[in-house]
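Residue numbering begins at 1 within each chain, and the chains themselves are lettered A, B, C and D in the order written.
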Amino acid sequence: MNPLDILYGAGGAWLAAAAAGLLAGSWRLGLRACCILSGLGGAAAVAGGGWSLVYGDTRVVSPGGASATIVGGPLQLQATSLAGVFVALLGIVAVAIAWYAPRYHEAARGTAVYLAAYNLALLACLGVLTAGGMVTFLVAWESMSLACYLVILRRPRSGAAAGGAFWFLALSEAGFLLIVAAFVILSGKTHATQLDVMAARGHLVPGGWRAAAYLLALAGFGCKAGLVPLHVWLPEAHPVAPADGSAFLSGVVVNLGAYGIALFAFSLLPGGGAWPGLVTMGAGAVSAAIGILYALRERDIKRFLAFSTIENTGIVVTAFGAAMIFHAYRQQALWAFLLIAGLYHVANHGCYKTLLFLEAGVVEHAAGTRDMDRLGGLVHRLPRSAVITFVGTLGIAALPPLNGFVSEWLIFQGLFQGFRTGSHLIAILIVLAAATLGLTGGLAIYAFVRGFGIPYLGMPRTRQAAATREAGQPIAGPALLAVACVALAVGAPVMLAALSRAARTVTGVALGPLLLPGKLTVIPAHPDFSAFSPTYLAIFLVAACAVPVLIFLAGRPRAASVSVPVWDGGIVSFRPRMQYSAMTFSAPTRVTFDALYRPSVSVRRASDDDPAGRSGPVHYEAQVTPVFERYLYRPIIRAVEWLADAIRPLQSGDVNLYLLYVFVMILLAYLLGAV
Amino acid sequence: MTAVEPRAAGTRESLVRQLAGLGGLEVRDSGATRGAVTIRIPAETLEAATHALAGMAGTRLADMFADNDGDAPTLRLVWAHESGYLVTETEIECDQYPPLSDIAPAAFVEECEIYEQFGIRPATGKPLNRLMLPPHAGPDFPRLGHRPARPPDEAHAPHTVEGQAFEFPFGPVRQVGVESLYYGLVTSGEEVVDLYLFTWHKHRGVEWRLRGKTPREAIFLAERAEGLSAVAVGWAFAAAAEAALGIAPSSAAARTRAVALELERLYNHAAATAALCQATGLTVGQSAAEIALERLLRVNAAAFGHRYLFGVIDPGGAGRAPDADVLRRELPGAYGELRRAADALLATNSFVDRLEATGILTTEQARRLGLVGPVARATGLAVDARLNTSGPRGGYPDGSPYAGPSVKVVTADGGDVFARFQVMLGEAAESVRLIVEFLDAGTAADRTMLPVKGDGEVGGGTGLGWAESPRGEVLAWVALDEDGRISRARLRPGSVRNWRGFDDACRSQNVFTDIPIIEASFWLTAAGLAR
Amino acid sequence: MPMWFARGLRRGVVTTRYPARPDRSSAFLPAPPAFRPRQLTRETADRMIAVCPSTALSRPEKGDGEVGGVLVFDVGACTACGRCAEAAPHAVTSSGEFELAATARSALIKKIPLLGEAR
Amino acid sequence: MSSGVNDARRGTGGGPVAQDEAEVARQLRDKIAAQFGRSLHIRTLDTGSCAVCEQEIRLLTAPHYDLHRLGFFFTPAPRHADLLLVTGPMVRAFDLAARKTYEAMPGPKVVVATGACALGGVYPPDPFVHGQVGEVLPVDVWIPGCPPSPLALLYGLGVAVGRLAEKTPGLTFIADEDPSGGET
């Protein structure tokens, strides 16, 4: 009995769920059944993943004997501790969505197809995480991409959906080719297809090939992880997918990109100089900063969250890159520590980002729009969603005492110990990355004050938003994730203990005792640097919040409190346009980071078009230039189109011409065979 | 900072001669309004005439108002010209008249006011601004004329904000110790996109109250239309009444008024300096300026018996004579305080930097909107009612008080807050010089009792009066009926003009925190605009 | 800033000691009138009421309809414009009073007996 | 809504003054002295003045008068204000803003009508104005003057918090006869 057996169960459940969804998704009952199965699979995945964290790695097995093949390659599976983190995350997300979906989707034909695709995507993700062999991995990876493509295409009629799905597919395929190339190099040099064997023979790969393979893998998985400039699909695909679909994309699929990078960086190709680490760290830091900066210019909640996903994976990748650098400088402890921190952030991000996307779906359902500047005052209309979203927001804004704070604190502690590399240049670069993450963190708080305050606080900006009511919106799923966020914060020491074991299986460094000397206190890799206890911090902060309440209660009997309207300067009446909107709130960043945004401002005033200067309606717009789409991707698309035009003449439709092609081919083959 | 010598004060005849040169305009000084050239223009040629006058060199639309003696309201345009004022009268039979603000944009504020008070509007579909009537003003709300056919709300444009901006509501209850005023401040979060103004909170119906009063009763309210330029408004009103009655104050009384007027300018500029320091957060500078201000006010009290010079102006003469010794003794010291504070301020970079390139108005804007006072002079326009020395009805016995000591008009370029500040400082120095000259020439309180019905030739009449307040040109137009009571009085303090420039100045490339500075540099009152 | 500090030191203290000590500048403040009842005939009173621009002076009716024998002076409404003094110099002088704040409106309404009226 | 004191006086407005008002105001001042020690925060309200009263009020903080030495402070937010310094004849269009300002103040609160306009001297009641502040807000202290000089304002504030003795009831405005003065 090992974790893999449980994961078989999960896979089976999801397969069944897919079938149930496809056949019976059109009926309410079938839809429920499908979601229940999917949820059971999720629970099994949580169990299996969690167990494999502490269980250690299983050897590669070939279910159904060596004869079992998958598209020509042997079907090889394994359960590793490294993957265990992601499997557990996958499970939690699956459970939450299974709890959420029945109330979110209406029973219909489209839903049936969607649910089938979604459950297959879950299965494919599990396949990626349990793949023990190269072929299995690639097949699972590709089928995951295709399934996700269907998930995004929930509403194929709309052009936007088609466009978003296309962006996703294009970058997935590009990434897939790079990954294939990386694996081919690897297996070619190690003469192996099993991942564990590859890892064991990793030292055989000569430096140049090693670097090439790693960079290919980084770029390939970067497409999924959304590293700038390969991130463009996220803001396009997330808004068009259903809420739970985008939650799944951000919560799991994007993190699988990070898994791939970790797989290559720590398991398959460890070592190999500092510069791959520097490249990784740089890519991560840049992604984090640019991600959050673009998030600040979005008023569509889901696009906003998508950009914040880019930021978070950026943070994770930065941690991984720094870890690689430390490894190159023989700082094994920090190597393992930053791996742990990165994995922890993956888990946290998976939880709160899924939560926020699910709640975005709730808001969209209830208020009929995702545009922050058309919402407002939802805290009075969707109180329960507001509370849950608030927990998630605290988490993602990395504010104590929630989980985001813990993992980001760990990452910073790791980066701040860059001086241990002994090289000044490297130390400076690492601190530079830390500074970038610092800026990112600050902007993230700013962004999520906005992301929560504008839609939920204040007064409704449209009649539609004012009419929003709480009517059967799904609560349980997001609530589960909120609980998970709190647990990940308060139970950080336990989580870290588990992760340290996972890290040991990869790095061979036993960090457990050093990281956790007991008393629920965390010490980042070196006892002489710093320490803190997430648990006590949480308890203290909650207690601190209680103090003013107690004072209020104590002081109550003396002065009878009176409630009067908000002081408004004595104007006749407040209008919704008299409050901060999402775009005006983030205007200062637009001014500060002018160079990045290159905004184009257009103003229409009644007082301008008339010499007398009569007052009247005002219209103000500031559009941000989509730099990457315009200056990077548009040329590529143009080139591809040109190429297509160029090779069209080959397809003349003339049979004789085609026979000629065949003949030439055979001739060439013979000649090559002869050589 | 430059100083303009006054032009040779042209005579009324020269103005008429120039007017005769204009096409499409038969000129005959009906003499209806004493103190100015008056020509009647039929409604159909009003538009052409306005074109001609607006195009004429050196003219500026100074005011526009209506009154309805009889049933059809009469539209009066007051044009300022270097050689005197010109009043055009036009009977408006229907409830519409040509859109004059398209020809002379300066007319816009008055178009709005006339619509609210008399119900006649320019013949254009464009909306008007809300000026004095509160939103809840019903049909029975007292007006000077007939009420609008349609309720004003229909004519007023809605202040809707779209796109990535929001309206920052500011007022009517604002900081401590400032007037009630509402800004609709449309901002994108940083820069000021647009700004509109509500002052109807302060509309006290002064012009409405003046009807039926004798000039001497009325001056009491006229002074309180804009208390911070009580002397200027009072003088303009008194001069108008005197012109209407065909009398003139003695030169000594006129000089007394002039002394009071310059004292008023002094303390206002000191107050504006203090306000500028407050707006820029320079508290020490504010204290220094306030010491000067308080000392100047005490000089006022010691010399005229009132800190704000109420009651100095009296129709027919001057209510009080200044204590010349006190002035000679105290004024240099008090002004020295202001001078020293100003010098220290000009040496303080953190202060000057906030002023430079803030709230810029171009000369073109100033001319287009018919701005007056330091605001206009800071853009290089030498606009100053003191230059117009042709007194009421053939002038003062021996000329206007300003005819003798040639008044230097201080102007500056740049049109920003700093330019305004410099103009104010220059004018303060000039005022002190003038006061001394006036005192040397001799001042006295002279209360010629106004002739009223019964004692002789005086019947009704209409007259135009003007004075240069610290905020710019004040105009008053008074029509007296047979027994010397006011049938219609028009008061136009400088604030009415310059508030129009204020929103333009705020709109030009400024951020939030510049607005208090710009407001301080304009140093206007809502009381004067809303009246 | 040091420049300002030095200026302040050189300038010294200008702050009044009021209310602890009287302030000399109060001598120049306009003050409401004080009346001389001996000079205050009915027609003098009416002359003053006629010129008073505010509602400070009045002669309310007695019960039986004819105008009463006291001059009612509302200090609160008085603007110290001095027109009454000008209309009847012999009957009016300045009270020189500026500390006029009251905690009851009624405390600001004074009855001045006219000449030859029953006090 | 507000302090019991003001509730009690709400209805009376500022019209014909009941005799108990002085008594009520005294209680109020005691309450203020008790609750704020000797520090008082002032918010001003312009209900249609001619801008001169505002100038005098601004001068209260100027070096010559320096309000702060007496423990008085200006506060921009009525939320923090104990005393409302009202100028102007209470324009009717301003009622809403005036009420809102008053209600935004925490009790106990003092309303001081400042200047002849606010006391009903300049503008008679008509469709434009109420004519005096008392018509809308429950006035506790009246400060005459047009404008009341900073010294008069200081005295009025002192009276408002019961720190200075009120002289007005004692004043008769009857000049001591001097034989030289005019005809007999």
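As a convention for this text, a residue touches a chain if its C-beta (ideal position, glycine included) is under 8 Å from a C-beta of that chain, and two chains touch if they have at least 3 such contacts.
This structure is a prediction, so every number in the text was calculated from the model and none was measured.
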{"item": "Chains touching both chain B and chain D, listed by label", "value": "A, C"}
{"item": "Of all other chains, the one whose Cα centre sits farthest from chain A", "value": "C"}
{"item": "Whole-Å gap separating chain A and chain B, where each centre is the average of the chain's CA atoms", "value": "65"}
{"item": "Chain centre separation in whole Å, for chain C relative to chain A (CA means)", "value": "80"}
{"item": "Gap in Å, rounded to a whole number, between the CA centres of chain D and chain C", "value": "18"}
{"item": "Residues of chain D whose C-beta touches two or more other chains", "value": "63-65, 78, 97, 100-101, 122, 146, 149"}
{"item": "Multi-chain contact sites of chain A, meaning residues that touch two or more partners", "value": "568-572"}
{"item": "Touching two or more other chains - residue numbers and ranges from chain C", "value": "14, 25, 29-30, 54, 79, 81"}
{"item": "Chains grouped in pairs wherever the two touch, ordered by label", "value": "A-B, A-D, B-C, B-D, C-D"}
{"item": "Residue ranges of chain C touching chain B (in the complex, touch as defined)", "value": "1, 3-5, 7-8, 11, 14, 25, 28-30, 53-54, 79, 81-82"}
{"item": "Contact set on chain D toward chain A in their complex", "value": "1-2, 77-79, 96-98, 100-101, 103-104, 106-107"}
{"item": "List of chain B residues in touch with chain A within their complex", "value": "101-102, 105, 107-108, 111, 126-129, 135, 157-174, 180, 182, 184, 186-190, 193-194, 196-197, 368-369, 500, 503-504, 507"}
{"item": "Contact footprint of chain B on chain A as seen in their complex", "value": "373, 568-572, 574-575, 577-581, 583-588, 590-591, 603, 605-607, 610-622"}
{"item": "List of chain A residues in touch with chain D within their complex", "value": "562, 564-565, 567-572"}
